[in-house]
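The two complexes that follow have subunit A in common; it is paired with subunit B in the first and with subunit C in the second.
Let's turn to the complex of A and B:
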């Protein structure tokens, strides 16, 4: 908890940014201070507004999702136009749209995106399936990284099929083992997989350089991207892209012990993944999208047994190092509020989607900052007046005494610009 | 024994259910009777879900147990099994490939004896129209989880209204939708859960049935 305080203090000192103007500097400093205040449950000078954008800047600037995924200059133009025109305090950087070229090189099979199976004007989508079988929990638990390298990667990336024939890296222990270990690397399937790694690396590096310089430039204009990295609740790691919803739900009934063991096994890894970005950037937020623990997915007792213990460990592991978990509770979280209360005070942000915000404030108000929950449907199909009314009511009921960030309840892709503008303006008044 | 079987599935006890199904078969109980008991157990699960006492995880597991029981009793499903004419055409709309919610709803509907044609995901307005034309179904259910696909619902409904001036099928939407999206797209109804959707369809079909009887 003290570490989080330190992180926020340092963040508010704002070092290493050359601002383009005195206004930009004032704006940036005011935003980071307000965010630091609301995280620590204080009343801010201004309620921060965080339209939790996905592809919205692309649509807004007249680009297709395909264009911004495949041409990062266009992504830069789109994001800059969105920020300059609509002036949100906080934004999600263009990293969120990923690099179509990198995805193509590695042949990522478990998503569709514009340019790969979807039309140009659509956002990417996950193809849910059982990519890991229940019988494989033992393998996964024995050595998660080895499982990832030699079992999972060959399944989900066309270009990495060759990795299935790799020997275990762990055998590189003694001189007599070194020579034999490398034989297979010379064989065509592994060679072509390694070539793809290099090609993807070169492309990703160019993209990464763009992201870095773009972020700096937007900061110099006074816009704050608070996200340092990402992690996931261990239950969602297994329930999303490994076992799938159906698979993990059956595992709770059929092999609860093995599921619990796997959840525990991957938790320290998920903490380290979240901390990597935080340590590299010093920005506070580690983004954690929450999926399978929402209302209706499982019972209270299942939530307490399977979902929450390792999510709590993840939160504590991040907080202990000074990072601020930014938890995006997609769907409803009404039945979980009392359980998730059990976290250190003033160290987390919970972005709520369809959760009753008044009750969320009642239950969590003295321990955590809450954010959201302007409905995407309202931003898409409503009028600016309806959006303003909604936001004003939200601020009056849960926002005016601090501990609150105004924003969309879910990821913002297509929406009416005038509605997004209305949401941003309410927070200014 | 029969009560035991119903209770076993209602309590989502896979091992016990399948054991009892095998025992019943050995004792020479009619396959149809066994499956009817399993179905009744499943109905209790759905009812408990409806009351908020069971959750999606329970529904998924119970449906799986049902499927397994069915395989024990009837053997593996045969290609081309005909269930009679379809009453409902169901799909996830164009641009959207989410299928979990749709699948769970279809399983629930089928448990309640509704005949549903599943068109899958990313279904274009024209594909919906074709299926409605071919089946003569009186209800169209559309699932949609992403805002980019709201216009796919709107287009489909526009086309339904144009193509079926008489005997227009009732349109129902579910997923990440609400009253606003229902009005925006022109759908007849929106539903929040698979149970709401199932009960609504049953009500519509019952009304449809009595009105067509009256017309005769």
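Let's turn to the complex of A and C:
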């Protein structure tokens, strides 16, 4: 908890940014201070607005999702236009659209995106399936990273099929083992996989340099991207891209002990993954999208047994090091509020989608900052007046005394610009 | 007696025990149609518990798995598919451009459990496919699902395609999915919006004249 305070203090000191104007500097400093205040449940000088943008800037600037995924200069243009025109306090950086070229090079099989199976004007989608079998829990638990390298990667990346024939890295222990270990790296399947790694690395580096300089430039203009990194609830790690919903839910009945063991096994890894970006950037937020623990997905007792214990450990692990878990509770979380209350005060942000915000404030108000809730459907199909009314009511009922960030309840892709603008402007008045 | 036990084992999601009992019953010469009847009764209970908020997605998925296992066991013993009276027909699918199926599957499961004949077109279903299925099976109800805002336009297109095919007046259209609400239902030209699977079942029941 004290560590989070330290992080936020340092963040508010704002070092290493050359602002383009005194106005930009004031704006940036006011935003980070307001965010630091609401996280710590204080009343801010201004309610921060965080339209939780996905592809919205692309649509807004007249680019297709495909264009911004495959040409980061266009992504930069789109994001800059969005920020300059609509002036949100906080934004999600263009990292969110990824690099289509990198995805192509590695041959990522478990998603479709514009340019790979989807029309140009659509966002990417995950193709859920059972990529890992229930019988493989033991393998996974024995050595998660080895499982990732030699079993999982060859299945989900066409370019990495060769990794299936790699020996265990752990065997590089003694001189007599070193020579034999490398034989297979010279063989065509592994060699071509390694070549793909290098090619992907070169492309990703260019993209990464763009992201870095873009973020710096936007900061100099006064716009804040608070996200340092990402992690996932261990249950979602296994339930999304490993076992799939059907798989993990059968495991809850067929092999609950093995499932619980695997969840525990990967938790420290998910903490380290979240901390990596945090330590590198000093920004506070570690983004954690929550999927399979939402209302309706499982019962309260299942949530308490399977979902929450390792998510709580993840939250605590991040907070202990000073990071601020930014939990995106997509769908409803009405039945979970009492359970998730059990976290250190003033260290997390919960972005709610369809959750009853008044009740969320009642239950969580003294422990966590709440955010979001402006419906995507309203931003898509409503009028600016309706958006303003909704936001005003939200602010009046849960936002005016702090501990609140205004924003869309879910990822903002297509929406009417005048509606997004209305949401941003409500919090200014 | 054994029938009652079977119903209980399925509703309590005891997979191994339920399958063993089915084997035992078949070996003892129980009419496979009886087993079908018990299984359907059990699924109805599971559906009911889901509606009452006692069961959730894991139970529905597990019940579905157990049913699959039972059908496998019954296959050699069954000569013909049992004819069961149905309340009505529903064509259901996730619209074009969207591959999310969890919500749609829950609705399909509950409709089945409540006695509807369900034609599940799967995910990423083009408007044409909805139209073709509607003209083929002549359902009273069409259900469209989506998780993405990008699919709103696809819903709208699908409703328009149904209209163009001259089938709009023959069916009631319900829409659902996380970002969907009354406003979106009106926007895409549907008849109603179901906030959850149970509302979808109630809409279908109302439209098929089988009010509770």
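Just so we're on the same page, the second predicted complex is superposed on the first by the 429 of 429 C-alpha atoms of A that agree within 3 Å, B and C clash if a C-alpha of one lies under 4 Å from a C-alpha of the other, contacts with A are read in each partner's own complex, and residues count from 1 in each chain.
By our rule, contacts are C-beta pairs under 8 Å (C-beta built on N, C-alpha and C of every residue); 3 or more make two chains touch, one makes a residue touch a chain.
Remember, it's a predicted structure, so these values are computed and weren't measured experimentally.
Superimposing the complexes on subunit A yields a three-chain arrangement in which subunit B and subunit C clash. By the touch criterion stated above, A:376 is placed in contact with subunit B and with subunit C alike. In the superposition on chain A, A:299 makes contact with both subunit B and subunit C.
In the superposition on chain A, contact of A:282 is made with neither subunit B nor subunit C. Once chain A of one complex is fitted onto chain A of the other, the partner contacts of A:125 extend to both subunit B and subunit C.
In the superposed model, A:144 makes contact with neither subunit B nor subunit C. In the superposition on chain A, no contact is made by A:344 with either subunit B or subunit C. Residue overlap on subunit A between the subunit B contacts of one complex and the subunit C contacts of the other covers 112, 118-119, 121-123, 125, 127-128, 245-246, 249-250, 252-254, 296-299, 302, 375-378, 380-382, 410, 413-415. If you check the complex, the residues on subunit A that touch subunit B are 112, 118-119, 121-123, 125, 127-128, 245-246, 249-250, 252-254, 296-299, 302, 375-378, 380-382, 410, 413-415. Subunit A makes touch with subunit C in their complex at residues 112, 118-119, 121-123, 125-128, 245-246, 249-250, 252-254, 296-299, 302, 330-331, 353-354, 375-378, 380-382, 410, 413-415.
Residue ranges of subunit C in contact with subunit A, taken from their complex: 13, 15, 54-58, 61-62, 65, 97-102, 148-150, 152, 178-181, 183-184, 187, 196. Those residues of subunit B whose C-beta lies close enough to touch subunit A in the complex are 12, 14, 54-58, 60-61, 64, 95-100, 146-148, 150, 176-178, 180-181, 183-184, 193.
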